[in-house]
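Chain nomenclature is as follows: A, B, C and D, assigned in order of appearance, with residue numbering initiated at 1 for each chain independently.
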Amino acid sequence: MAEPELRSPLAVRAAALAISGGVGALLIRALLVLPKDEAGLAPLVKANLDASGVKNPVTAVLLNFRGYDTMLEIAVLVLATIGVLSLTIAHSDKWPTVAEHAAPALSALARFLAPAMVLVSGYLLWAGEHAPGGAFQAGSVLGAAGILLALSGYARPAGMTGFALRAAITVGFIVFLAAAIGDMLIEGALLEYPADHAKTIMLAIEAWLTVSIAVILASLFISSASPVEELRRRIRGGR
Amino acid sequence: MTQADLYTVAGGVLFTIGLYGLITRPHLLYKVLALNVASGGVFMVFVGVARRVPGPAPDPLPHAMVLTGIVVTVSSTAYALALAKRIFTETGMATLDSADTMEGGEDAAE
Amino acid sequence: MTIADWIFDGVLVLTLVWLALRTLAGGQLFKSVVLYIAYGLLVALAWVRLSAPDIALAEAAIGAGITGVLLLDAAGHMRGSIESRSSRNLRARNQSAEGGEDG
Amino acid sequence: MPLSEWVGAQLPALVILVPLTAAPVAFLGVRLGRPVALVSALMSQPLAIALALEVAREGVLRYEIGGWGAPLGIDFVVDGLAATMILVTSVIGLLITVYASGYFTDQDRYRFFWPLWLFLWASLHALFLSGDAFNLYVCLELVSMSAVALVALTARREALVAAMRYMLAAILGSLFYLLGVALLYAAFGSLDMATLRGAIRPDVTGQAAFALMTVGLLLKTALFPLHFWLPPAHANAPSPVSAALSALVVKGSFYILIRLWIDVGSPSVAPGTAHLLGVLGSVAIVWGSIQALRQERLKMLVAYSTVAQIGYLFLLFPLVRAGGVAAADAWTGGVFHAVSHALAKSAMFLAAGTVLARLGHDRIEGVGGLSRRAPLTAMAFGLAGVTMMGLPPSGGFVAKWQMISASVLSGEWWWAVVIVAGGLLAAGYVFRVIGRFLGREEAGDREADTGRSPRTMEWTALALALGALVLGVAGQPLLDLIPIGAPALVAGIGVTP
């Protein structure tokens, strides 16, 4: 049985058409007349790139010029994870094992792919300094490797419980925060890296971010991906 | 019309499609999908804007903002999906009407 | 920009719009999610075209990859869920208990 | 450098960093949540007060994050408005923290409350201090994400669905806002609000950016008719969360809205829209109050009262356009209303939470005679009601007085009519509850009362209600603080339309 094709009433659809049509017209009209000569902040970024400590301008913006944005963005990620955990494992505090008996083909694939993904992730982290890449790309590839292993029954994430899991989730954010506060003590402003060590500090932050992002992305999937029956049982039992 | 214009306008169209889907589809998963489609549109506007800068290298600032946006979006998507799944487990429904048939809430302090 | 470039970009943009429409107009959860993943990958391609390799990588990995996995999992959970306003809890419960299948 | 000097220079960063550091610690240690939150709440008080004093003494402060300086970097900007909001958030946050430590008796089940709450607190501070349009987007997301997760904390069906509705509205609001940021950056080349102020033009792009951002922020502030998500979310959240949402969270997006309209875009970007906002605010006052009158559950009543009270905030937009003394009055009065509403509304929700804790329900019909069994709670609700109605000597009275004065001065007397009518309607729903509190007990009401209401819960609600009341007689320091560094339009240099 296919899912029934049931839609909103005609009135809702007409209203939606009017609203989205109006918004779209307003938006596209504005997009068509954007000024051609506005260079934005690109020249400023270029002029200060040498002082930032890295050669990739996107990394310079993300970790130095607007590092504060990135720190708060990691907070969003941590926050979402806490939210997901509060909806799923508030009582057991464990990662459920997703697949106990995985398909052999998937297991074989995972055995082959996972180490390669770890390598790619390491490369992306290192490359971010001067070429496309960085903590987010590296962390998501590593996280994907974790999901693949969990799906194929290889990972034993259930063994990683409690404090270790929470520490891995927050370590990137905490290192970032510690760097920010350290800069306040040494240089006098939040996230003002000492000029000689900017590159090292950013790389350290990125390395820990990679770990956290990987664990977060994997746990967002693993902690919520348990069979429906299992979840039901747990909810009933928990009340 | 430049290449950048083509993509910014396309971003506007994609946002509009997502907005329409969000309003019209009652199913929670479709609502989340619609928001993701719309986010893609918004990001495309940013990347298009970055490309308008004369010269070979685009403006890195919108790129950094989009990267932030992608991470924020996956965070809220993950949470919204967890919420939707929990609603489905609790009510057997996957729409925002799920609360309508229920008795008045009694929030006992715990 | 050569003519070939224009054609490529034009086709890419039109495909994106078509995928967005198909994703949101569909009635089958799994199919829509797969279409969305394709959408995410083509968005990444668009960003390669716009000389934004950093975010193209991130979009492919996070936007299409991780989000796609999360969506697929959610679609699996919500198998048999329906959009109807008139059919109430009971019917929906029965369906999910039977594990009503999906397109 | 002596420590006191260092702290003085780092104040804007420190008010954010204290709760922002406490949040992951509260998450890491299973039993650390409550003590860490209390320590963070106590540490925030002297910092917030010192920041306000610093602004009162030195005027507007700017803090360059990373030492780059805007527009390349991000700046904190602390003016009188920001310092006021930080101060209010800190005071209310402390009382909510104390209340919550008595409210959540099952500390293990609700242990995620503490990190989520601390993140919410930190992100509100970050939002009030940010001087950067994109950074504000990230702050908005932080606020929404933590607020939604807090609403869903009980995992009751109604709470889950309300959280979902809230989440969808919040994400959509953020996307609208973000589109506006893209347009502003594309057209005017900066994200720094102060730089944008000088660069902005009322052309097609500027107007579209403002329209999109306004719609997004109205959705998040829940101005009529975009309020649909608010009542269920605020009513079904755990009561300390309801208090934080109604008192502080809706003010966050409103705060960006006034920064954008009155500071960055004033007054040329979208003439006429200010009056539309005023009209919507007026409808919200009337409609929200009438809905509040019709509710059967206490927390729903209080939530609809929030829909109404948000309406007053939007009278600010037409009133400041008059310029001169009227604008100054409207600015101070509007912000003062936000402050006194924050205190009074959190008192009401906390009192309602105590009712729930005792009775296990919050049906207004069933609270008969509670004033004799829980006099402090009934008194807290009643005193908060005085501010809600705008009666002297409350803070609500001072705020409304200033706004009425502004509307008379500007010649737009009809806003005054709306303000007075809103006060009468508020009296209606407040007295409906008070009447039941004082009224006869129905059979079984007393038996249903568990009598469980720790002193921390009763006293914190009363303290907030008293605070709202005292604001009316001792609010002068705040009234002096609010206009510091106010936008040109409000500071009397503005143009008359």
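Everything below uses one rule, namely that a residue touches a chain if its C-beta (ideal position, glycine included) is under 8 Å from a C-beta of that chain, and two chains touch if they have at least 3 such contacts.
The structure displayed is predicted, hence computed values, not measured ones.
Chain pairs B-D and A-D differ in how many C-beta pairs are in contact, and the one with more is A-D.
Chain B and chain D have CA centres that are 26 Å apart.
Work out the mean CA point of chain C and of chain D, and you get 37 Å between them.
Chain A and chain D have Cα centroids separated by 30 Å. Taking each chain's centre as the average of its CA atoms, chain B and chain C sit 12 Å apart.
Each of residues 109, 134, 138, 141, 145, 148-149, 152, 155, 179, 185-186, 191 in chain D touches at least two other chains. Under the contact definition stated at the top, the residues of chain C that touch 2 or more other chains are 29, 54-55, 58, 62, 66, 70, 73, 77, 81-83, 85, 96.
Counting partners per residue, chain A has 6-7, 23, 27, 31, 34, 38-41, 45, 58, 66, 69, 73, 76, 79-80, 83, 87, 136, 217, 220-221, 224, 228, 235 as the residues that reach two or more other chains. Across the whole structure, chains are in contact as follows: A-B, A-C, A-D, B-C, B-D. Those residues of chain A lying in contact with chain C across their complex are 1-7, 56, 58, 124, 132-134, 136-137, 140-141, 143-144, 147, 217, 220-221, 224-225, 228. By the touch criterion stated above, chain D contacts chain A in their complex at residues 9-10, 13, 17, 20-21, 23-24, 27-28, 30, 63-68, 71-74, 109, 111-112, 115-116, 119, 122-123, 126, 134-135, 138-139, 141-142, 145-146, 148-149, 152-153, 155, 179, 183, 185-191, 203-205, 207-209, 211-212, 215.
Taken in their complex, chain C has these residues touching chain A: 27-29, 53-58, 61-62, 65-66, 69-70, 73, 77, 80-85, 96, 100-103. By the touch criterion given at the top, residues 1, 5-6, 9-10, 13, 16-17, 20-21, 23-25, 29, 32-33, 36, 39-40, 43, 46-47, 49-52, 54-55, 58-59, 62-63, 66-67, 70-71, 73-75, 77-78, 81-83, 85, 88-89, 92-93, 95-96 of chain C touch chain B in their complex. By the touch criterion stated above, chain A contacts chain D in their complex at residues 23, 26-27, 29-31, 33-35, 38-41, 44-45, 48, 64-69, 72-73, 75-76, 78-80, 82-83, 85-87, 90-91, 162-163, 166-167, 169-170, 173-174, 177, 180-181, 184, 187-193, 235.
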